[in-house]
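Both complexes below contain chain A, partnered by chain B and then by chain C.
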Partner chain A sequence: MILIEYGGALLRGLGITLWVSCLALILAAVVGALIGIARTSKFMSLRVAATAYTEFFRSLPTLVMLFFVFYGLTAAFNINLSPFVAATIALGLEGSALMSEVVRGGLQSVGKGQKEAALSSGMPVWQVELYVVWPQAIRVMLPPAVGVYVSTLKGSALASSIGFVELMQTGLLVRERVQNDYDGFTVLIAVAVIYTIVNYAISQAGAHIERKSNYAQ
Partner chain B sequence: MYDFYLPDVYPYLHKLPAALWVTIEISILATLLSSIMGVFLAIMRRSDSKVLRGVSTTYVEVIRNMPLVVLLYLIFLGLPAFGIVFSGYVSGLIALTLNSAAFMTEIFRAGLIAVPSGQFEAAQSQGMSRVTVYRYVILPQVLRTSYAPYGNQVIGVVMGSSIMMIATIEEVTAWMYNTGAVTYRYFEVFVVAGIVYLIVCQMANVARIMIGKALFKSAAAGGKW
Partner chain C sequence: MPNNLKSPNDAAAQDEPILKVEGLVKRFGDTTVIKELSFEVQPGQVVVLVGPSGTGKSTFLRCVNGLEDIQGGKIIFEGEEVKARHSNITAIRRRIGMIFQNFNLYPHLTAVENVTLAPVKVLKESPESAKERAMELFRKVRLEHRATAYPGEMSGGEQQRVAIARALAMNPALMMFDEPTSALDPETVGDVLAVMEELAAEGRTMLVVTHEMAFADHVGDRMLFMDGGYVVEDGPPSELLNNPKNDRTRQFVNSVLKPEAAMKGTADSSEVPPNIAAR
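Right after this comes the complex of A and B.
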């Protein structure tokens, strides 16, 4: 059975996929939070710059970002990026545009009156943000953030095209190695099934968080 | 500091319009086909038959959670094992359509849910046939709620069409990659391709807003939709 022979390799590939998409999500969350805050800023120029950033990265296919980071940035700055680092940066930048929308939505969901009330009761701005605005905003942000993770995970399959050996690329390499066409098909199906199950599980977890936070409100 | 030099890319610019046309053509085809599939799957989702509902739900859940490129490899590299061979273009179109259909189904389903079921019953009790109810009562309202997310999905299809290069089709991403490979001007080709995608997406956005205004103003004035 082909899957017994190569199942371990595929699962290792899944591990790498999960790891790279986790790192990319962290990058996306940090950059996205900054951009999202800038989008709700009272300074017009900051808002415009942040909106331009979001629109620009949202209009770029993941594959274009991957090629840009892997070939373009390395050529431009004369640096060497491994496919792993390039994939993390590219997926992180893609995700940051989505994340900035999530953060903006979350921040705007907290009523303006709360902020004014907290300020008028003498709290400094950082306290207002830390104790009043963000605890409520994060609850709103969590479910769509899970959606961003799923789309980052799906995007990571494209990193196979810059030679990064994650789940998809493992599947393709195994497929080349096996002689039989049917076995090749089995391997591809196995890869598809793994992606589907993992993403489905994560989406369900996201839906669960959403239900819970709705209940809490 | 890197010295940005666009003229190296000029000799390859003449290939860009053809590549852009491939991107646009495949996006339009995939959007149309997946819309049709989406409508049927969304209606199936509301059917009385458990089997039809199950098929539709499973389809949406499986496809939504599978990366588009995995689907493309399955069709382009996997199916030939069974003697089913599609050209790169057709493989890409099928993958893009199947993928987008799942998202279209969700969009139309949300639109259908937004119409209170009482309206359906009321219209049917007036003696309207199922088709008439859908055509004159349900559809105009679904169109209105689905319109904005539909526009987003169209842009999603344009983004998705970039994977066509994996099926050896010369579209914008492939142009960027191939031109970069011969000129070593990866940064410059990225800027060009980025601007092209940005323009396409913003044009789709503007078209969405304008069509939306035309469509829904006439509805308010008692027009057809």
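Right after this comes the complex of A and C.
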């Protein structure tokens, strides 16, 4: 049975897929938070620059971004990135554009009165943000942030095209090795099932956290 | 009702005013909301601001704690000039309690956490002593059974009393109320007014924007009638309500105290601007 023989390789591939999308999500969260905060800034120039960033990186197809980071940087600046690093950066940048929207939406969902009440009690701005605005905003950000992670994880399959051996590329390599249409198809189905199960589990975990963090409105 | 619940402001009248407003001007873009405002508040005084909607009463309160910057004049609180963008504004705000029309409780925190947040984070009180004092304040506003409830589980009147406790927890020198009962169901208004009356009786300095004329008359030491961006009349509440000197004051008082008379053709009597009759 083909899956017993190559199951271990596919699971290793899954591990790499999860790892690279986790790193990309961390990058996306950090950069996305900064861009998202800039998008709610009272300074017009900052808002414009941040919006341009979001629109640009959101509009680029993931594949273009991957090629740009992997081959483009090498050609232009002679920076040699491993497929792993290139995939992390490319997926992270795309994710940061999506996350900036999530962060902006979350911050804007907190009523103006909340800030005013906290300021009126004598809190400096950083305390207002830390104790009043962000705890409320994060609850709003959580469900769409899970969505960003799922889309990053799916996008990571494209990293197979720059030779990064994650779950998809592992599947493709196994399929070439078996040289048998039936077994090859079985491998592809296995890959598809793994992606589906993992993404479904992540979505459910997100929904669970969302329910737990809800307070009476 | 007897007037002996009023705070003993006569003795305090000799002190430095706690709040001094000199020629205040507030504009939003091209609209001048406050054209000229000058008055002083003595410690222990309960000053009630009344007048038709949109005449700058709430805006004035927001200027006092620097939520709005001002375009002219001066606001001096406890001898310090209030400037929205100055670094001393957080120190000034600690000394001023603000009660909002829509309560603005933090929905992610329980009632007691709402009350202890600023004392712990701003005044660096220990969480234990802050909580102890919060429970005392809850007894005072008669909400000790609701301490662990979230704002979303409470009625408007309960939320507003938590908001009052939250302001009191900072032990402010001045309490400002911005239409504290306007967003409440009628049956919960009385509880909030009762708490406010107790605060006044304790001799707290209060600045209250309200449409509750009976409360203003009973608890206020002084009433300012604002209209069109000016203080039109300033005096003891009973004087303004029973014997207004200014035409606009009289129209407003009539429309608020005798809604039936003003109701001809309008649904909401309390919101009828008195100048409609003048047109």
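One rule holds in what follows: the second predicted complex is superposed on the first by the 212 of 217 C-alpha atoms of A that agree within 3 Å, B and C clash if a C-alpha of one lies under 4 Å from a C-alpha of the other, contacts with A are read in each partner's own complex, and residues count from 1 in each chain.
The rule we apply is simple: contacts are C-beta pairs under 8 Å (C-beta built on N, C-alpha and C of every residue); 3 or more make two chains touch, one makes a residue touch a chain.
Quick caveat, the model's predicted, so the values are computed rather than measured.
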Partner chain(s) touched by A:135 [first = chain B, second = chain C, both, neither]: second
Which of chain B and chain C A:108 touches, first, second, both or neither: neither
Which superposed partner A:40 touches (first chain B, second chain C, both, neither): neither
Partner, of chain C and chain B, that touches more residues belonging to chain A: B
First, second, both or neither for A:117, with chain B first and chain C second: second
Touched partner set for A:127, first chain B, second chain C, both or neither: second
Contacts of A:51 with chain B and chain C, given as first, second, both or neither: neither
Interface residues of chain A shared between complexes with chain B and chain C: none
Residues of chain A that touch chain B when the two form their complex: 55-56, 58-64, 67-68, 71-78, 150, 153-158, 160-161, 168, 171-172, 175, 181-182, 184-185, 188-189, 191-192, 195-200, 203
Residues of chain A defined as touching chain C within the complex: 111, 113-114, 116-124, 127, 131-132, 135-136, 139, 215-217
For the chain C and chain A complex, residues of the former touching the latter: 65, 67, 90-91, 93-98, 100, 102, 104-108, 117-118, 121-122, 150-153, 163, 166-167, 170
Complex contact set, residues of chain B against chain A: 2, 61-62, 64-71, 73-74, 77-82, 155, 159-163, 165-166, 173, 176-177, 180, 184-187, 189-190, 193-194, 197-198, 200-202
